[in-house]
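Just below is one structure, and these are the notes that go with it.
Labels run A, B, C and D following the written order; every chain starts at residue 1.
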């Protein structure tokens, strides 16, 4: 899969070792009511870097992404973007600053058409650019182009994931956050998603990927960050982490039975009607 | 951190045990109801006596009004609190009762003046007030049955607008009837009244009504039906899929609730000696609903507390807008309409700031100070305390021999099979399943794999009755389940989990599991025992009294598994049990599912994309693509199947 | 303008509150020395304390066209004209006798507020005037106004509070059900006189329950008579089943047909709700013969809509409406020119009602929202006052009996003669809207 | 025959008014999943605004924009004061919040103006009719039908072809996701409320032209009819709202003319029972809100 980089229209210096700081998370704490999800997380993301965020369930990965994108306000700590403090900014402003999120479960807007989904993704762009960009991406993801005026709710899981990613790319973000992009996808489709991630990485985009399939995620990442019970327990270059079987054993292998960590979003967990396709 | 969690653990364990009696059965439950009634009744009476001690006859009337309103509000709580369906119609039912009562109880001579041409010879009969209350309540219940059937037919569920619309229609239809059927109602701004001086004597009837309301509401709350209704309130579809028939419990809740409201309405009419359409319309609806939501609609104590608070509030506003109060420069606020504004603001404030009311679902018997009393009750409550949590999961040492569940049956004839044949499902012309088939024996674990959109979840939905197939049939243990309602399929031996968690969020972990056992006919004691055991098996023992909404993802998933398994189904259908799990967690869930299957002795159908997991757990695998079964066989067979590789695994 | 009205209401309510507060103090001071069981003679002795002594006879000219009955002279009646002429800035010495307490169970809710808001302001002002000219038989008149919030339950409690306050009589709200709740409390021992109700069932002397106005029976019969007198042979009616909106039409139809007219059809509407009568108008347009008159108890704004729609449909029928017309602001609405309606009295420029309203406007700086309810409220007080004068007693039951036995209190709307019944037998006035104001079309003395 | 046609015409005129209100109710339901029982208060507030304006001698040329602007501002204000706080609350809480707003507004007018109604002049042409082929068309009905059609077209255009509309629809479906995509949530909801206010304002213009009356509960009946219409048509479906409104108008007109005299006052009651029966058998209304995803 090669293409003329319609995914990002910004040039990055791609290097394996040195990155300029793009995003910095400083001692962030997040609580859901009485239950704390993040305990003083600090993380620096360099421009062009791809970080794999791995860890067992309830470790706080989604909470961390939500804090970065602004859906969660930390009770303590700061988030810096290109050197500027953005801790209090609402998500729509962060989008304008160049972040995008591919949310967990894709969260496709099922009543809108495929094209409209893309256009909403670029709602922060000026009107003229919006359509051009949508056309570009629909050319790149040809399945979306073919189904452009179909209701997005009718897409299959793999197509929906492509749409979710394309939608996030609409505003040409500097930083793309991906939350479980292969969740619920068949192995073939999951493999395609990873290929796409690799491609984005090659194109110089900065990525933070939360992924259950830790080994595969590490292959696609520059560095890795292992979370457990709301804390970063290990951090380092992806190859190093991948090579350390002990980490897999001790941090990922053991499911702590008695965690007092909230689920990423307690409300959504049970209270919500099934918005995602129940047929896949 | 460790310390904190341990102490919390102990607290939780204590709490489960402490709450034992209220969710348990037998004499302890009755004792709880008795205690709750006594406490609430006593509290209200004390407040009332204190208030009336210093004042004239009008204070007495206010207190009587409070008792009557409390009867109505507690009545409404029975339905609204337990089913979660917002009803505007209860006041309408009250109107039916109020009119029926007045027509029956007003003395003949007086009545002839007002409604001399009444049909059914209604103007020629007069019965004692108490009998009239009973008769009016009976009549109202008949109306409620009809409305309830309609509501149930509409598939009422929490937050369901259809059910609320139907109740609103009741309110307006009754109001319009009261206005227009003048022969029997006396019409708008008219109505039927008692001969002066024959209104309610004393307060004993109001006491009786209030006491009755408390007993019935608390009884229902702790009853099987009440608990199942609350499970449906939390998640209707999950409850149905696990064998709860919400219709039945909603109906029972509605009837009890309307019965109490009817009694309250009769007393209300009797107290003031008159009934007219406006009395049971929007204003009274606002008043009673405000009372209910201020205190907390999910608890009886909340309903009573709300009544007391709102009555106090309206009395204060009445004083403020009356001639006895001269606020000097602030008398611009002393205006008609103050009461309505305060009620409206109270409702707004609570909906915005504390939508669950002051008490949420806490009852007075949950007060820490009452712990000792509760312990007393536990003395004659035969509920086994939660056994010690095993800190690590150990399949080998699991005491299978002691299990109350049947031993795994040998996989064999049709009596032990789940069979699906030639099932086709279409949505808007889109074929989702076409001539699909599946056959699983009890005791076997069968995987269902395939690319996204292949129809795997639809297969589960067809089996559980959530989706109806356009053709084909399904048989469980030799019994056809075609066309069966969702909850009946669950009772005939199918239990499932969901792709997206669907827990009963506001119930505790223990209750989540317990209600399912109850739905399957277990006695309260055995439901408790089974639930405790299932929770232990799924390593949730130390979280037993935590609300499900506060669990982390992994625990939530385990709870879903426990909840499905406690019904000891013939077949357990699991939709992506490892979704969102890491490899290690997936490995653990393999052991867990195996252990459960072994204990329950059921067959398992499991959908998953994690091939390692499927390989580890499945005895056989079906692979679906574009709605059809493209392969069936052992894991090895499937893995080597070229079609499967092309369509799915790509290996 | 909006603000002015707002201010006026605030002000009037403050005044009520203030008046009540003052009287409270006064009562506390004078209760002990005043004789409690005053005889008729003692009350006449007290009379001279009034600032302007009565002249015993009502001026016949003051009562509007319906000729006043000669007043019974069992004792000196209150001089209404003197009361109306009182100048609040130059009052005589305050009356010192035991206060006559009258309760007003007023409905300030949206349902009954259109009556009792102006009614209670008027009653309070009238009490001020009475006290200014020396009170009733030397007794200060104390008015206690309490809001029943349109609710029978509250009405019952308010009545209880008024009884606890020791009132001699209660002025009642407009509607049947709330009055019934009050009657449960008064239980035939304290008189209740509804200021504005025209409901015949409410007039029950055995329960000491009285009306201050004519009944719907009288009103509808007068309307029927009027229609026939105008030579209108055919009619259509609009009704809602039940009291008032339905009962009026029932009585009208019966009387009208008895007098030789024909009611061609009756059509439904919903008070305060129906704003489009096209379906009904279409049906009327299809009638043959066409109706000469449309009789109904429509609210004023509905009558205006209906009138307009009838006109446009080419139906040339007169509109004849019941007293709801003025009650709901008939003269503040356009499109009602030429309409006929029945009313409690005619606002003749020099009549008592107009003098009272003018006096109020002068004193308070704002006009009352309703003319007839103000007059009826004053009349209700007069009936009670006369009974107190007659009996010299403040005992509720005694006063109540005397009110019912009264044979003529010359009030603002006419002569209120109960003659042992519960209704005052006042005449029914028929007005026509001419140039946006009332003009008197006829007066009927109809007694049931 | 002409009779039936006449009834159809009358029904459309009446139904158009309901449809306008139902459109607003449906729009708010779409964005917030809230059945707005306070929608009628926009009419109440507009009515008092007209009364206030009329007192200053304003003519209908001023009243019409005055009413529309008042309705829009009130709608946005109510959202700001009350509804924004319950955005993510349960349906139960939202329903009761709107119910509470309804009461507070109503009581505020009782308290600060008067319990009795206020009146202002109606336009002269209000009852004029045009007769074509034996069918009388009331001028106001024609106006309403035209306004309904235009409003629907405008609403559809806004929703389908403007970026605001897309944002509204996105927020309506999944509020959090819309936020994640950069949709300014507050602004979108405010837009939806403004649009609903505009529609209610247009309905209010016709309603007030007919009645010329401001009363604390003036908005109750139009609100109920609008909510009923929206429910009948299927909540959240704009075409449904229009169809529901027209249908309700027709049914009412037909019931008033066709019911036997003994029950002809029962129109409202019968309509409610019919709606209840509809909901028993089609719990989502006539045009069921289409499932947004593959089933």
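Keep in mind that, in the parts below, contacts are C-beta pairs under 8 Å (C-beta built on N, C-alpha and C of every residue); 3 or more make two chains touch, one makes a residue touch a chain.
Because the structure is predicted, anything quoted here is derived from the model rather than measured.
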item	value
Label of the chain whose CA centroid is most distant from the centroid of chain D	A
Interchain centroid distance [CA atoms averaged], chain B/chain D, Å	34
CA centroid of chain A to CA centroid of chain B, Å	38
For chain C paired with chain D, centre-to-centre distance based on mean C-alpha positions, whole Å	39
Mean-CA-position distance for chain D and chain A (Å)	42
Junction residues of chain D, two or more chains touched	106, 110, 112, 115, 216, 265, 268, 294-295
Multi-partner residues of chain C (at least 2 other chains)	9, 108-109, 111, 113, 117, 240-241
Residue list for chain A, restricted to those that touch at least two other chains	154, 267, 276-279
Listing of all chain pairs that touch each other, if any do	A-B, A-D, B-C, B-D, C-D
Contact footprint of chain D on chain C as seen in their complex	1-2, 5-6, 9, 108-114, 117, 240-241, 266-268, 270, 272-273, 275-276, 278-280, 282-283, 286, 300-301, 304-305, 308-309, 311-313, 328-329, 332-335, 369
Of all residues in chain B, those that touch chain D in their complex	84, 86, 150-151, 153-155, 158-162, 164-166, 168-170, 172-173, 175-177, 179-180, 282, 286, 289, 293, 335-341, 343-345, 347-348, 351-352, 355, 427, 430, 432, 453, 467
Chain D-facing residues of chain A, complex	69, 71, 90-92, 95-96, 101, 103, 107, 109-112, 116, 119-121, 123-124, 127, 130, 151, 153-155, 167, 171, 267, 275-279
Chain A residues touching chain B - in the complex, by the definition given at the top	33, 35, 54-58, 105, 154, 156-158, 180, 183-191, 212-214, 248, 252-255, 257-264, 266-267, 269-272, 274, 276-280
Residue numbers on chain D that touch chain C, as the complex places them	3, 6-7, 10, 13-14, 51-52, 55-56, 106, 110, 112-119, 121-122, 126-129, 136, 138, 141, 207, 210-213, 215-217, 221, 252-253, 256-257, 261, 264-265, 267-268
